[in-house]
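Some structures are shown below for you to check.
Shared between the two complexes below is chain A, which pairs with chain B and chain C, respectively.
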Partner chain A sequence: MSTCALSSLHHALKRSFEVLEQTQERWNGALSACSPLLVSLGNLGEQMRALQRAPLERTPMRAFPDLRPRLRFKLLQAADALVGKLLEQTSVLQSLRDMMSNQAAAVFQLYAQHADALELSSCLRRSATCPSVADMMGWLQDAERYYHNEFLKRKVLLETLRPNDVSDLQTSPKRWESLTNQRGDDCITGEARRASRPASCQPMLRCGTLSPSRVSHPFRDIVQGGVLQRVLVSIV
Partner chain B sequence: MEEMCLKVLPLDPVDLGTQRCRLGPEAMVSLGLKIGFPVRLSLSGGDCLCTAWPRSDLAEGFLQIDTKCATKDFTSLMNRNLLVSLSQIKAVTCPKVKCVRVNVVVQSEEFKKNSPVHFIQDVVKDMLRGTYVSERHVVNVRHLGTPVQLIVIERLHQSTGETGLITGKTSISVGEIQTHSKYISQQKELSSIALGGMEEVCALLKEMLNLPLNYPGTLQKLGLSCPKGVLLIGPPGVGKTTLVRSVVKEVGASLVTINGPVILGSRPGESEENLRKMFQRAAQASLDGPCVLFIDEIDSLCPKRAGSRSAPQNRTVAQLLTLMDGIGSVQRFVVIGATNQPDTLDPALRRPGRFDREVIIGVPVLNERKSILDSLTSKMALSDNVDLIALAEMTTGYVGADLSALCREAALKAIFWSSQGSHGQTVGMEHFLEAFKKVQPSCLRSSIGLTDFKPITWDQIGGLEEVKLKLKQSIEWPMKFPEAFVRLGLSRPRGILLYGPPGCAKTTLVKAAAGSSHCTFLSVSGADLFSPFVGDSEKALAQLFRQARACAPSILFLDEIDTLLGSREDSRAPHSVQARVLSVLLNEMDGVGLKTLERRGTERQKYLAEGSSDVKEEQQMEYHEVCNKDVIIVAATNRPGVIDNALLRPGRLDKIIYVPPPDLEARLAILKICTEKMPLEEDVSLKELAEETHLFSGADLENLCKEAALLTLQEESMEASTIKHQYFQKSLQSMRPSLSTQQIEHYQHLFMS
Partner chain C sequence: MKSAGKERMVESECAPASGRKQMFTGSARKLRDTAADWHNLMLKWERLGDEGSAAATRIVNLSVSKRAEKDVDITAEDDTSFVNERSGSHAELDKDLQDGCNELMNILEKMAHIVFKMEKISSSVKGVCALEKFQQEQGRSSVSPLFQTWPVTRFDEVSSKLYESYKQELALKQTIVKEIAHTSDPDLLLVYLSSWLHQPYIEDNTKLLLESLLLETMHRTL
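Let's look at the complex of A and B:
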């Protein structure tokens, strides 16, 4: 009974991590689609600032009536359009987030169903080839939370963006960049690869060389993050 | 099974915001916890809701908690070396929540203004998704770096119970959106400041703040404009600032404080601009709720314009006046000013419409001191022998600040003594008495009359039993048995004149009287009083009286009053300094009334308390206050003849006591006291000496003993161990009595005719 439950849990986890790997690619793709839009948004901010400063009255263009407000209106329109596009992109991010949270919820529900039958020790058992169920569940939850938080931060940034405020527009690409949680991203990538393809680690571990510099790349990500160093030590 | 304790370690950075608590697997098994299931941690100071996760290194005995969802004060508990026993961790069931009501704390007012409510609601919903929450817990979402900082869970849906899991389907209603600063100030308000003996003023201020807020309609209907300003007047240290802070906290108003020095700028116009800014700030804050603009030490900001010639100063005053006029009924804020020198304020400030009400907070009276001491010592570990009523009686003239200094000093003494190992950790009466020596009432600091003298007991004065009794009657009895005085309609004498030949212990008697009753003792001499400037002496005397009254009951001792005052009948110098000082003295002793600023305590309404012992105690205190609110003047002279008659009539120096030269028995008693420390030969007969020293004053007798001792050293050697009778006799021969029969007769008949 217990082994059956454990294997079904393993199976579900493995599937989730495969989904996670795909999700990560699509997530990064969506993000990279956003960045040129944000750069243009920053440019619009720059133009708006230039418009504010430009001495239009002293140029030949002074013949045009209401030039400054008109130009400003155009720029605002463009900014609005860009923000609209960005929000469209975030809906892609949202769907990815929802997918991941559904995955995690499914796994946790499965665990909850079998929780009484499963012994804690069996969930904590790690082997050289395979991380423990508890670890994988933790990673899955981490990944889900990562998407959740990332999406939330980006959404708040876009929603609170005010096209009227020049400096707000100008700094938006930088702020967008600063939201990217590089370490979290690395962790996700590493975890996804590791959990979905545990066998790939096998030969390295058998060699018994576990100094961080010589561990293969899926491990290195994690080790550099400093997060799961203890896991490695405890495996030894 | 022995109870296992887990050591709390700081959280791993990766677990931040995950609501996980990491335990060892064995601890999880023994508690029956499953991975990722919700648990509640109940410590003595607060609760925290987490999900149980095994530690990644599977080590036992440690606990790491992410306090994402916890009660308010939980984070402050997470200090190092905290131990949590397993019984404090419990698994809880968390059904999915259908709907939840939350308050949101955001970073800035700007964000609150610019974001529509539905957006904040969306964000909060996203933030709470997947979080286990409990009622009255605070969800901390600062780690996300968004403007939303805290989410306070107000109420869950009834069917779910106290704890639950928030899912995507939970409907969230946002109640209040607060800024972080306001939230912090509201949290502080719960720990209110203890205030003793200020109930009436407190109620008045509260009413002023609450009235326009709670009944705006009624006020409008009546066509009333709400009072907008209060001026608090009182000597330093009575708790004006503390009062305002505590009232503001209780009402839940926000407080904007103006400090004079901060406002004043160096550039022309800067001070006015700063003032305007502060009023603007208060107006902004008043949109949020009731608001108090507190101007501490307003005398520095708004001095009299007529007196000063500095134009910038006058402009600032004018700006303040116009700003105070400009507070419309729309802006719901109250201006409270505090000062201890109301006379230096610009008169234009003190009219209705600006400061509508003036509240005088006086030096606390006995029962107020008692309640102040009560509230101060409520958090101290007192031993049983501490009698707060006795302490309150002793601390006449002490204001709140002095009393808190006294308590602090006593506590420090207790710590010091307990560190020496002799006593327990409680503060006892002996600590208070020790501290009492150190802490002087602040109203007496810089007083000219304050004297430090060695206390003398009645027993150290030989003879004069009748005089002692009279002094006790007029000084000690009103303090000790006030209810008897009130019962018989007696009032204590205003002043006492001791007269008699020189050297007959008049000064010593007064010292003993001061020592035996716990009252302030001020002594003044001509050196303190007279000054080369016209009017200075009078001012100094008036000041002395003011201070004595502030610390009442007090004794004001005027030694050699004849030289101090002189008589008006003595026409040689009709407008001399002495005559003017005399007129001040007469006025102060028997004037029309007191200045309003000198009011003692706050006006009390009599209320009937239940419980007879309380009432009795209360009455006792009341009597004490009625009987002892005045200053007793004690004057001493050996030329009573030259004292102005006006001073000697009842109501002024109404008790005139003759201190006679010592008779035979008194001389014997004096000699006994003087030779107490002297080794006498067997043959010395003090009685014989007493018989031979007719017309000797007390001072003479003391001198006689000294002379005899000196003579012994001179005649025998430095090693002499006893004083023989012959030396007394020998020194007696060389001395003359300082009194004469004629003199004594003169004194005796002075007030007889």
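Let's look at the complex of A and C:
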């Protein structure tokens, strides 16, 4: 019974990490699509700043007295269009976040269903080639949290962006760039690859446990601290 | 014959109104051809605008590089060999700048020609409207719309509005071309580029006017 439950949990986890790997690729693709839009937004900020400062009245452009408001209107319109496109891209990020959230929820639901049949020791057992169920569930939760936070940070930036504020526009590419959590991104990529491709995961599970220092994954601190504890609590 | 050719051009881009093509004669035919002319001229304008934007950006970049090199020369004017070496690079920059300006001038000339054609078609629409009005007064023509809903005066209003927008935009572009290579203020340079690119005198409703004109003359369908 326990073996059967463990096997189905492993299967669900493996599928989730495969989804995570695809999600990460699509996530990076969506972020890459945002970068040129952000650069354009920054350029529009520069143009607005130049329009504010340019001494048009001292040049032949004074023959066009309504040029400043007209050009400003056009620039604002262009900025609005860009923000619209960026929000479209964030909806892609949102759908990816929701997908990962559903994956994690499904795995935890499966765990809850089989919680009585699963032995604590089997959930915690690691091997040289396969992490423990607790580890993988922790990573999945970390991944879910990562996408949630990354999406929210970007959404908030775009929602609070005021196209008529020049400095807001000018600094938007840098602020967007500063949101990139490179460490988290590397973690997700590493974990998705590690957990979705344990070729002989099932047989190796019973090959004994590995010392924690050998299980080197970027979320080790979290897994050994908060997340693992949470998994244990739910097991108990 | 010329207009008929243009009509084919616009119809290849627009979906045909229905399976069979309606035949128009007289004023209706003339106004329908004019609508196709507007569409094609505005497309050409857009294309030239993009080419001009690229040329103007190149000119600005060259001017900035030239000024930067001048600044370097001022700081290193005691070093004669260094200054001689730089003079070759100056000549090259000057040539590139001249080429860029010539290119922009050519583009502007073509744009001016487009606006000239727009003026012609606008005045021809005015003529058609006057003729229709005269014929209606004489009772030789019906008061009903030539196509779907527009009274004949609406064609004149739309043509005049479109022409005024492009005329004003051309005047702005002419001023930009005169100034762009002689300005050192980076803010002004950016405003020139920005103005060229965003065309502040061509409002969004010009596109709407064109589309409604194409729709009314049955070049487009709903």
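Just so we're on the same page, the second predicted complex is superposed on the first by the 198 of 236 C-alpha atoms of A that agree within 3 Å, B and C clash if a C-alpha of one lies under 4 Å from a C-alpha of the other, contacts with A are read in each partner's own complex, and residues count from 1 in each chain.
Convention: contacts are C-beta pairs under 8 Å (C-beta built on N, C-alpha and C of every residue); 3 or more make two chains touch, one makes a residue touch a chain.
In this text the structure is predicted, and so the values were computed from the model without any measurement.
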| item | value |
| --- | --- |
| Chain B or chain C, by number of chain A residues touched | B |
| Which of chain B and chain C A:Gln89 touches, first, second, both or neither | neither |
| Which superposed partner A:Asn181 touches (first chain B, second chain C, both, neither) | neither |
| Which superposed partner A:Ser122 touches (first chain B, second chain C, both, neither) | neither |
| Which of chain B and chain C A:Arg145 touches, first, second, both or neither | first |
| Touching partner for A:Asn28 - first (chain B), second (chain C), both, neither | neither |
| Partner chain in contact with A:Arg162 - chain B first, chain C second, else both or neither | first |
| Contacts of A:Glu46 with chain B and chain C, given as first, second, both or neither | second |
| Footprint overlap on chain A, where chain B in one structure and chain C in the other make contact | none |
| Residue ranges of chain C touching chain A (in the complex, touch as defined) | 171-172, 175, 178-179, 183, 185-188, 190-191, 193-195, 198-201, 204 |
| Residues on chain A engaged by chain B in the complex (per definition of touch) | 101, 108, 111-112, 115, 120-121, 123-124, 133-135, 137-138, 141-142, 144-145, 148-149, 151-153, 155-156, 159-160, 162, 187, 225, 227-228, 230-231, 233-234 |
| Residue ranges of chain B touching chain A (in the complex, touch as defined) | 12, 14, 17-18, 25, 28-29, 34-37, 53-54, 56-58, 111, 114-115, 119, 123, 126-127, 129-130, 144-148 |
| Of chain A, residues touching chain C in the complex | 46-47, 49-51, 53-56, 59-61, 63-64, 67, 70-71, 73-75, 77-78 |
